[in-house]
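What follows is a set of structures to go through.
Next, two complexes with chain A in common: one pairs it with chain B, the other with chain C.
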Partner chain A sequence: MSDAIDARARTSQQKVALGLRRRYRAERRFRAYGLTAVSVGLLFVVFLFASIISKGYTAFEQTFIRLDVDYAADVLDPAGTRDPAALADANYLALVHQALRAKFPGVTERAELHKLYGIVSGAAEGTLRERVLGNPRLVGSHETLWLLADDHIDMLVKGNVDRNLPASDRSVDDQELGWIDALSAAGGVAVRFNLKFFTSGDSREPEQAGVRGAVMGSLLTLLVTMVLSFPIGVAAAVYLEEFAPKNRLTDVIEVNINNLAAVPSIVFGLLGLAMFIEFFGLPRSAPLVGGLVLTLMTLPTIIITSRAALKAVPPSIREAAFGMGASPVQTVTHHVLPLAVPGMLTGAIIGMARALGESAPLLMIGMVAFIADVPKSLTDPATVLPVQVYLWASSPERAFVERTSGAIIVLLAFLLVMNGAAVYLRSRFERRW
Partner chain B sequence: MQTSTIVIGILALAALAYQLGRRRSLSLVGGAAGIRNLHSLPSYYGLLTAIWCAFPALAVLAVWHVADQRVIVGAVVSQMSAEVRALPAAERGLLLNDVRNVVEGSVPVAEATPAVQAAAREWRRLDGISRLAGGSFALSIAIIGAILAWRGISPALRARNRVEKIVEINLVLCSMIAILTTLGIVVSVLWEALQFFRLVPLTDFLFGTTWSPQMAIRADQVGSSGAFGAVPLFAGTLLISVIAMGIAVPFGLFSAIYLAEYADRGFRAVAKPLLEVLAGIPTVVYGFFAVLTVGPLLRTLGQHLGLDVSSESALAAGLVMGIMIIPFVSSLADDMITAVPQSLRDGAYALGATRSETIRQVVLPAALPGIVGGVLLAVSRAIGETMIVVMAAGLSAKLTANPLEAVTTVTVQIVTLLVGDNEFNSPKTLSAFALGLVLFVATLLLNIVALQIVRRYREQYE
Partner chain C sequence: MATEMATKVDGVRPSTPRAIVSAAADESLPGERIETRTVGQVTVADPVMSARGVNVHYGDKHAIKDVSIDIGRNAVIAFIGPSGCGKSTFLRCLNRMNDTIDSARVDGEITLDGQDIYDRRQDVVQLRARVGMVFQKPNPFPKSIYENIAYGPRIHGLVAHRADLDEVVQTSLQKAGLWDEVKDRLEHPGTGLSGGQQQRLCIARAIAVDPEVILMDEPCSALDPIATARIEDLIDELRQNYAIVIVTHNMQQAARVSQRTAYFHLGDLVEVGATDQVFTNPRHKLTEDYITGRFG
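And now, the complex of A and B:
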């Protein structure tokens, strides 16, 4: 009898033991899936940043070529008057060409000369003009200058051109290769910090293109967004959280705000196009309109986070204020708002960071036009950083790839600073009641 | 006078009005000693005076600003020669644009025709007059408002209640902006879409299978009537969204489970924000990444496997979009999982369940409605996502289920149809609004359903 029970117990124990092993294996598997998912996500973050930074850091450097420039008086100022207007109109390109010919006296054939002239950027002319206009006494003298190289030479020097390819597949042919090698053997080629990337606007020539215009456009657009969306968002949140009676209208507004937060951003662009540009006749491509569109887009986010911040203020604060005879408005402005402001600011910064990265609605209102000038006012045509990234990403030149990555690095740096500020604010002022 | 100067002037006047109102209330009761005879604190009398000074004046200035351009344009046109006035509206608009460019200085005066130059001079003159008149009008309104309010101050005046009423009205107005935005979207998109449906029947749009919105300029050219069948766009959008969700849901869900149930505090504190970095990266960066890295990668991979992967494939766009949505799914699912009461887990453990069994058979079923809601929200994001697909998915409106081919989506078409200067009432431009309407309605329905589910679920365990 007891043997039978023992036998049964043994088998069911074995069963359990067997089953346990299986179940523990399943447990480990399940856990591994989770860990894999998290690691894939994290790996991707690393991969994305590594890929962007490795492609983009070279945008902050640029190749320069050393040339001996002869400010020949007969070219610059044949009349000898040193008249600034005449100096401004003079043929500086000829000086650059002359300097290049002096470096390589062997090159005489027309087509080859043309190619030789092409190794220096078109910006060199402007550099010389600036120097002469800044100091007219240079006319008639010599100077050794570092001039900006053209983008295909820049790519070669930065190692983005494979020298082993057949010449027909390279953007730099054997002759140019020879020139550059000769120049660099003599120390005439250098890679230096690319100040132009931060001080100039967009350009069709990759070596002259910079992010200043886009950064200014982004700042102006964000200025409009911030000035409008923060006060309006806070006011709306205060009303909904502190004053609104519980009725149908309040419900409608609430549902509305939650839904607006999830409407695709491109729809806001359609609204901006139809409403602000077609109906109100505001100028296209202007930071003003961009800011208005982004305001409407970020308002729901700001309202939602501001309400959360107000909700976090304990009711005892309000009751104490009422108890002292404060009116509802006094209670809110004197006691509740000051306590909720850090939370609201955090929400606002996060909303601004989203607005800074947004590009789809801005495409709709014409902020994709090619604009070389740096915008100065809210109604100047402008573009913004993410749109600049998009524009450069669709440019065919190889050199624009590094510019694009460079602009992305600048954009991510801004976002990092903003999000860092939000995190700091939260940790510095967060209060547990 | 510059508008900004006038605004600053009005604000300065308001500051002055505040001081005057405050002083008057105090002097009426004989200084600080008599303050108990005032209904409100002196600052409220000041505020009331300042509000009456600034608000009406600023409103007048704003209205003036909106209205005066139209009046000026009308006056300039009436000054122009009779033949200009007889021009069709479109050509007159172009001419006026030239004039505007000269006025704004974006075109040098010397390059314009004499007629345009004359009109520009007239425009500038009128503009100057209008600025001066509007500015002085607004400033006088400010002064009058302040004086009236100042004279109305008496100890019995319920200044605080009035100020608070005004504050509350402003708060209500601000919260109405959300509704106005929705209304604006509906009205503007619906209006243009209706105009489109007058040219192209709704059924052709919703059920047609050819999409080629290129319209010929002249009626006698080949292909003069574009085809506006949006089914290939819907199919493309769906394909990319399915791929994206195929990545985002498993990875997001498992990350959430691991972070909420297994990970220790330290790991969670590091991994969660890092994962959320993915959500903060601008979509244009993902698009660039998809084009430059993922696309070529898939192409070479395909070549090794003997598959023909197009360089702009639905797969590349979908993959990258999926990665973008992972943190969205994971943080929502995380919320839902942590909202499941511990007692349910304890019950399962007491019955001898392992952790994974508890999660699979107790926690997940309990959290399922919330997770489904979150996934629906993620779907609506995938449908509305623009930059990744604009950069990585391509333009060919093919009706295909092959993820290795290039497809196009609703958002891509909206962007391509509207970027650049288009004539506003051509079917090509209007079709973008019809697509926008479809997009808006689809995402709205998804959001309403999803938010409803999430809300009901939250209430269940509160």
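And now, the complex of A and C:
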């Protein structure tokens, strides 16, 4: 009898030992799958960042050319009145051209001159005007200025033009190359921090284009979205989770909220176009309408995450409050909400981050227009960062490539800040029970 | 009182005694029909609460079947019975905690000092201030010890000044035997206390609003024997001022702390009587089987 049990135990042990090796193999295999998946994911992230940053960091620098500018009184103020209106209207372009001619006196032919004038950005004229209007005593004097180079020169200086190509395939011909090399040799070319990228709006000229307009548009749009979607979403979630009777109607509402979260965002754009612009007559391209559309899009996400946060509050807390004689509203506001707030905030910020990166619904309501002015109010025409990326990506100029990546870097920085805020808020408000 | 015979409550029970056969009893005692009309002493003189013909349905499930019982003043009554017998359900009827469950339906009459607590005019918030509750798992609010106690008096507007509130907090903690342990750390979170301390905090929280009845739903089932002994001593002290209803799975505990014991079986109140008598000389076959450990 006991022998039989012994024998069976032995064979059982052997079977276990046999199976053990297979089990450990399966476990190792499973871990390998996991590690591979994580590595692939990381690789893609690294690739994305490397590609964007290597292409985009040059957008934060810009080429400048040093020129001696002669604020000739006979050009700026032939009447000698120093009248600000006259000074504002004066021909500053002529001063830039004159300075360039003085630098390269050998260039006399009309076509060549035209090419020479082209190495400095059209923004140079405005720079001179600003300086003179700010200080009219400059008229009649000399000044050495670093003026913004045109984008094709900028590309050449940043090494984006292959000098070995035949001249006909280059955006910069041999003569321009010669001029820049000459200027460079004399220390007349410099690459500096591109402040304009952060202080100006969009432009057709790459060297003058900046993200300020898109950043402001994004901020205003997100402001509207946050102010509307967080309170509405939380109120809806609290009502549905804590007060609403469980019946067919609330089931239908719940299913529809879940479905709305999966609706393609461009559909919300069409809805916004039909409702806010056509029906309510709100202005096109305005951050207000953009914010409303993004609110429609974010609400389901916020409601779902807020309900999950409320569900995660242990029922014992509710029982304790009810048992003390707290009314349902007191139970929710005193006990349940404070515990659910971190989860709700995280959900809201994730929703906001999604709204920040959204472009499709905003195309439908006209936020895709070319807008050079920085928006100052909720009804000014504006565009947003992802749409700006799209606009620049579809522009033909070589210099817009780096600006596209630069705008993406700004967008990613925004997202990082928002996600950081989510993590911070979560740990700041989280309470254990 | 008619202690020697089954008490019949007039006007509530059907004229013909309802007899049911319980599945468990059926198995152990084949062929024998066990009658589950309540035997023992259902009524007491001057009850603080009394239930008459209470039925509870959870959807289609008949969880409490025609239960009638009185809760005496300044006494502890223990509800015992196997799991799922409805003792917690019945306990939760006494302060209308079942209101929070959508599918629950309560019929019959439960009175507190002669007033029907299921009356339309009865405010449930006020009821729960008079009938406090302590739960199975200690569930202090994730706030400071002070705030845990102060919460009830504050929402019910029992105190006007901070000094009064301080006093209520102190006396409640003293009554719950917790004051000496926590008086130097009232601002610490209540959730940082040990399990036994948390449960005494919950008791202190319940008595801070000065209720008439305290309902305890297996208050010691999550505690170690030492903490359990402290709570049992506390229950005995609290009896001086409050009526206490305790649900317990621990029959020794029921025997130690209670003056009356009620035995529930599959939704029926089978027997109720003085604790000594129920444990030493049960009248009903089912009670005897349960107490002697034949099932349950």
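To be clear about the criterion, the second predicted complex is superposed on the first by the 388 of 433 C-alpha atoms of A that agree within 3 Å, B and C clash if a C-alpha of one lies under 4 Å from a C-alpha of the other, contacts with A are read in each partner's own complex, and residues count from 1 in each chain.
The working rule: a residue touches a chain if its C-beta (ideal position, glycine included) is under 8 Å from a C-beta of that chain, and two chains touch if they have at least 3 such contacts.
Note that the structure is predicted; figures quoted are calculated from it, not measured.
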When the two structures are overlaid on chain A, which partner does A:299 contact: first (chain B), second (chain C), both, or neither? first
Can A:172 be said to touch chain B (first), chain C (second), both, or neither? neither
Go through the superposed model and pick first if A:327 touches only chain B, second if only chain C, both, or neither. both
In the superposed arrangement, which partner chain does A:348 touch: chain B (first), chain C (second), both, or neither? neither
Contacts of A:319 with chain B and chain C, given as first, second, both or neither: second
More chain A residues in contact [chain B versus chain C]: B
Show me the chain A residues, by the header's touch rule, that chain B contacts in one structure and chain C contacts in the other. 327
Across the complex, what residues on chain B touch chain A? 66, 69, 160, 163-164, 167-168, 170-172, 174-179, 181-182, 184-185, 188-189, 191-192, 250-255, 257-259, 261-263, 271, 274-275, 277-278, 280-285, 287-289, 291-293, 323, 326-327, 330, 354-357, 359-360, 377, 380-381, 383-387, 390-391, 411, 414-415, 418-419, 421, 424, 432-433, 436, 439-440, 443-444, 447-448, 451
Given the complex with chain C, which residues does chain A contribute to the contact? 245-246, 314, 316-327, 330, 334-335, 339, 431-433
In the complex, the residues of chain A that touch chain B are 23-24, 26-27, 29-31, 33-38, 40-42, 44-45, 48, 51-52, 55, 231-233, 235-236, 238-240, 243-244, 252-253, 255-260, 262-271, 273-275, 278-281, 296, 299-300, 303, 327-329, 353-354, 356-360, 363-364, 366, 368, 386-387, 389-390, 393-394, 401, 404-405, 408, 411-412, 415, 419
In the complex, the residues of chain C that touch chain A are 95, 97, 100, 102, 125-129, 132-135, 137, 139-142, 151-152, 155-156, 191, 202, 205-206, 209
